[in-house]
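In the part that follows, the structures are each spelled out as structure tokens.
Two complexes follow with chain A in common, the first pairing it with chain B and the second with chain C.
Entry: the complex of A and B
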């Protein structure tokens, strides 16, 4: 399943019950019993090894492998070669060779089946996780997004000012190979264009534009026609207004930027970087800002950070992690949020499991009539789009227009008080999640051999004793992995919180944490609300991950359900 | 009294829970057909009926685009993810190799990392991809599909492995002895046997993808390339009272295909897995 996280409370399919819950095996359908019969008709002696001739499957595999490699190289290589990314080319060619080798030999059979899914797992799941962990040790975020070079460029271009006597140009924005360029025509004191000094400005710098005559000029003394360039018409230029306003042609001391759509001026950087002292000097005030490699900022001797707060990404070691436990605004709330988080996840699992199990037990009887219609109704919540139903529930709890208050004539501010908001959330999660538990419990119930329950009733046990001593333990063995993954899922059930309460209600004096916030939604707000602190957010995700992983591993250790893995 | 003890309580439980299951759905249906189309005017039982909300939905929003996008993405991703996870489950269930146990544990662990919090990293990754290969970058269904495939292995692999473990090994062993290659065993013997469960898993994956809102929200920014979840959320994110009728209509239309398939497959969902096992 691609996104178990978006279905209600269960985190997977219903297949587990049948799988781990049915030690006795047999096969549904006809074809199973046919297969071996068809085989025994042949004359292959049982003791012989697999024949080595070329089979159809082998040929097909070979074709698929070669096709895949060809497609991969054909599709992936050109952009990498174009941008001179030779490391990328190397990785891609190695990957292609690896795939070809794997599927063209007869060895490494398990890998042939594991590889396709694993490649996706590595690229789109594992790499992001590793990136997140490595981000957790940096100050990555607003103000620290790029490299030092990018920060220097941003500082210099951000401090550009027009100085007296600087060159000004008649500007014609144009396209060359689809990219924006500036055609620049200097004007002399009288306002006449100087054709032999015309220049082309690209994002890389200035170059000469020779061989122009008056024929290239328009009435307003702009360049209107230059071979090899597609000069933008007025409406086209207006449409690209933002792009033109942001375009800068770097020069030795600054940059040439547009001033309106038909003029350009040369600007000079007030703050200049000097590699010799690894510092930025403000030419107006004379202040020197040396680079602080530990913080990723340019800081002056008196401790002022270069205005604009432009810094670069640096490693900060464990700072983000220690901040979680030492920063008062963070750690003060961390514990209470954590407790509610555990309670929420536990209650979600327990209530859904209890209700699902009761329903499954109720319908699990040969005497019971109408099971089909009941079952159909009971699984409906699971088939409804969960994101939409979360929003519907939110609106049903609405104090003024909500269905629940309307129906009963109440005026309860359900989502406005901590206790009722928490109760509402548990109820919503119960509604969304119990059908899944009902399904898996039904499956697991059917897998329990009748002889066992019959034997216990013959031995004089009541129905309740039989259930407690025989049925429930067997069910739990089968369903524990699902309960644990349901717990892990609900521990991070961002959707339920975000769509129903958005973490609220909030205390009047504390807008950073709401009564129903889970760690994940709390972190989300801390990290992305206002100034993005992505490095810090990554650190908190790593902590959350560790918590869930530890709790789940303990859960699995205690259940015997991993037996098969260890065999 | 004995009747109640034997079957009466069963009906009581079923009826009470059925009412609990149904009432939000009835509310959505009634709101969808409510001619006023606001949250405040929506009642549990419809006060009138009109198709106005539906026609507004199609004329005022790009609903049909959203619907088609969702359908294509969800179908493709559920098919692909079931294939990937079943292949892996086959290897884990039938073969013994070095790293098998570690691999299974690693799958569980990686799966537990809230993918949502890796969203920053994913965003950076796809910014690079978009620069180099536009066709699988942002705003493309193909890119979203690739991202979804990242979680194809995981819980599903575990569940399918568990199911495959219950299919007797003698079956494929005898076929192997008869000269079938592992590919033939995979496609000709095991696949047909587990087809019902594959259909069920595919459908659950389908439901999951249909409801996926977070990644899709970041991925598809162009209004016409949005999915249902993203589009419908946008309807009530700001104007929650006035657009409620349209939202309910959209929810209903979203649910129709899934509920249909769900009901069609329900005998497999409950019985398909275990029927064979019980007959033993």
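Entry: the complex of A and C
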């Protein structure tokens, strides 16, 4: 909406808006008093420093934006409060106040522009990096996700076994004198209730509940009416769900606990944690499992991990990093994977750039007709979702059913042999990647002044010489950063590998690494192939990050020297 | 924080009362005013297929119990999403998934045992109860079974083959006469497929793990390269690309169904999930147990069980237990789930209904009656990759011993590393 309103009519509108119950009704007044102060107080050139005209649109827009931010922050509050995370609440409130202050005053203009970018940088770049690096020093992963307390809880709840031979009960939670009791009706093997053995369970134990008849039963064979007891209706029982879940009726062998809201069983704990020895004892076998704080597991004297495998997250120092270089399965393959990785990334960039540039040059030629149609067609591979395209290509390379072999009558096992599999990947990546290079090369070509090539041809250079000596260097100045980022992207091109070959083919004597594995797909398999090891994966990510960063820095250094020469 | 104390108290109470019948159990945390109370809400996570069916029954359950029930669809990677969310405390109360997740979910403290009474257990197929039992505990309420079988185009082959040899011969004859282009469809792909090859492998004598004294798979005893297993890999090689050509790496998940429905093959090793497509294509088919090698062991498919799990860190645990242990174990729910996704029900009463409604159900169950419940131990996750590689290697004609040894080494390394 354009805002043709003048300052005066605008401010009038503002006051009206402010008066109509806006939570920031102080704002217009503040603004109103602030503006003249500045205008009069400062004797700066009025044309430059005059406060920006406040239009309705401007103010409404700002209020809406601030309101959205406030709503977003408010949205985050309840979960933080629920989990007693008061630090988080503090940070959130402070952030809200800070943002409100920044955008509701006239000061700190540069910060107004810097803040959003900075916030996004911190949230989406720095925080993940910090989290990754800090995770790399832990054993975080399956079996080691939570705290020790959580592991102990899981071990103890998991160890509650039904007492063999004990009856199971239809449960009716009830109140007696305002206190929760369990009315327990034993059921036989067929699920029929045994009325004369009904019991009352309290926190003190079991007692008989005599004199029941079928009249006390509901259709579902639960006790529905017992004199002296106020049986909870289902909604009432659900409302007391936690209480019922935690209620235990002690028995000789263990305790009767609810299983849901309508059944109860007699349970005993087979494994119990003892804080005194910081160990878990298996009462069936008598084995003691002391806590191993280095591994984050309960481990018995003979090295057996407590069955169930519940562990907790511990710091492991540099262990994940040393493992990369000392563990033979990892380091033994690291070098060969690294070499292919570099080759793959380089070839991907070079082939796509070459093809993209050729297409761009062809379409850049003034003699070319119908360039728009060609450009549209050329961009198609780029416009299609690469996920789907990668799968389509994989199917086309199928030996017996694939389009390529069927078309040419070949019997090549494309993805089944190392060389052809690598070639296939480069081809797929070329098809997917060249439109991007075509686009950027077209843009860069159009930015090169025609005079330069014309001058070179007047000087007697051939078209090839002109391209090689004038156009290409100028193109490279503009495109080298893109080529470097494309290299970095392809260096970690997980999708292409995962979806087309999944790292394969594998040598018969090596089931750990395939011929087309990149470091990232290899790491993925190591870390997530079976039981997730996020700590170790984070360590490898840090290494890959370092490698890519070093190579990119070298690349940028070289491109800078290029710039100095040609610009 | 709050939750932790509640749990600790629960555990302490249970163990205290278990270890000694101490009468002074008065510090029982009754009526703890918990902030984490579920606010009368039960949250269920399921995959796309099951969400719609569950909604109706969940609503009924909610009405009966005075709570609101929310069924949320997690379309991709449910297990991983659940484990992560559970860790962050934003998970559901109930999750629906496959029984072979149990080992991983337990080691991450993400699910609680479900205390089914003996009488409740007897309502289910025994194999289903066995499958959801892990570390001596039942960890979920089973509701559907799944296994693969031999689906045969009855126009091309009227009678079921008695052995793999018969099958290969029938397939080869059809191929020679130009009626089909493939002897058998058993998906493998470039990375192998342990799930679909396992029946043939087991018939050749192969196995994955030894057994512990309790009869569970033993992760410390990987038997992929035992003499028997190498013999089984040798048999796979004989069926492979350099042998009879019944097994091929080019046959993969993405082309098996189309090949079968195009009548380019008479035999298809697959599960009930592909039957809809076969019916749609108008193929006349029959479902029979996968045959074994003549004189070999029976071909054992993996048995998968779909189950309801109670999340450890759910906010309405009593309600979740009630839903899983006492509500979804009823026949109507099982029938409705069957109607939405025709995997045979685990509940015996519902099986009978399904059998009358669809003769295929009995055939699937028959094909899976001697199936091996898929090992639920976390180490099973380490099998797929290396085993698949070995499968591909021998199918391509590689040396069985080398392939099996490499697979066993990779599996053992991975299991040892992750301890």
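Annotations
Following the convention adopted for this analysis, the second predicted complex is superposed on the first by the 366 of 567 C-alpha atoms of A that agree within 3 Å, B and C clash if a C-alpha of one lies under 4 Å from a C-alpha of the other, contacts with A are read in each partner's own complex, and residues count from 1 in each chain.
Criterion: a residue touches a chain if its C-beta (ideal position, glycine included) is under 8 Å from a C-beta of that chain, and two chains touch if they have at least 3 such contacts.
Treat the numbers as computed from the prediction; the structure is a model and nothing was measured.
Taking chain A as the reference chain, the count of touched residues is higher for B when chain B and chain C are set side by side. Residue contacts after overlaying the shared chain place A:506 against chain C, while chain B stays out of touching range.
By the document's definition of touching, of the two partners only chain B reaches A:363; chain C does not. When both complexes are overlaid on chain A, the residue A:86 reaches neither chain B nor chain C.
Touch criterion not met for A:410: it reaches neither chain B nor chain C. Contacts of A:187 after superposition: chain C is touched, whereas chain B is not reached. Legend: residue contacts after superposition of the two complexes on their common chain; A:129 is shown touching chain B, with no touch to chain C.
Looking at the shared chain after the overlay, A:395 reaches both chain B and chain C. With both structures placed on the common chain, the touch criterion links A:387 to chain B but leaves chain C unconnected. Chain A uses residues 79, 83, 391, 395, 398, 400-402 to touch chain B in one structure and chain C in the other.
By the touch criterion stated above, chain C contacts chain A in their complex at residues 1-2, 4, 6-11, 13-15, 17-19, 21-23, 25-26, 28-32, 34-38, 40, 64-67, 83, 87, 89-90, 103-104, 106-109, 112-120, 122, 135-137, 190-191, 248-252, 254-255, 259, 312, 316-319, 321-327, 378-379, 381-386, 389-390, 392-393, 396, 398-399, 402-403, 405-407, 409-410, 413-414, 417-419. Chain A makes touch with chain C in their complex at residues 79, 82-84, 141-143, 145-146, 149-154, 156-158, 160-162, 168, 179-180, 187-191, 203-205, 233-248, 250-255, 257-263, 265, 267-270, 272-273, 283, 295, 297, 305, 307-311, 327, 329, 391, 394-395, 398-402, 413, 415-416, 501-502, 504-506, 508-512, 525, 529-531, 533.
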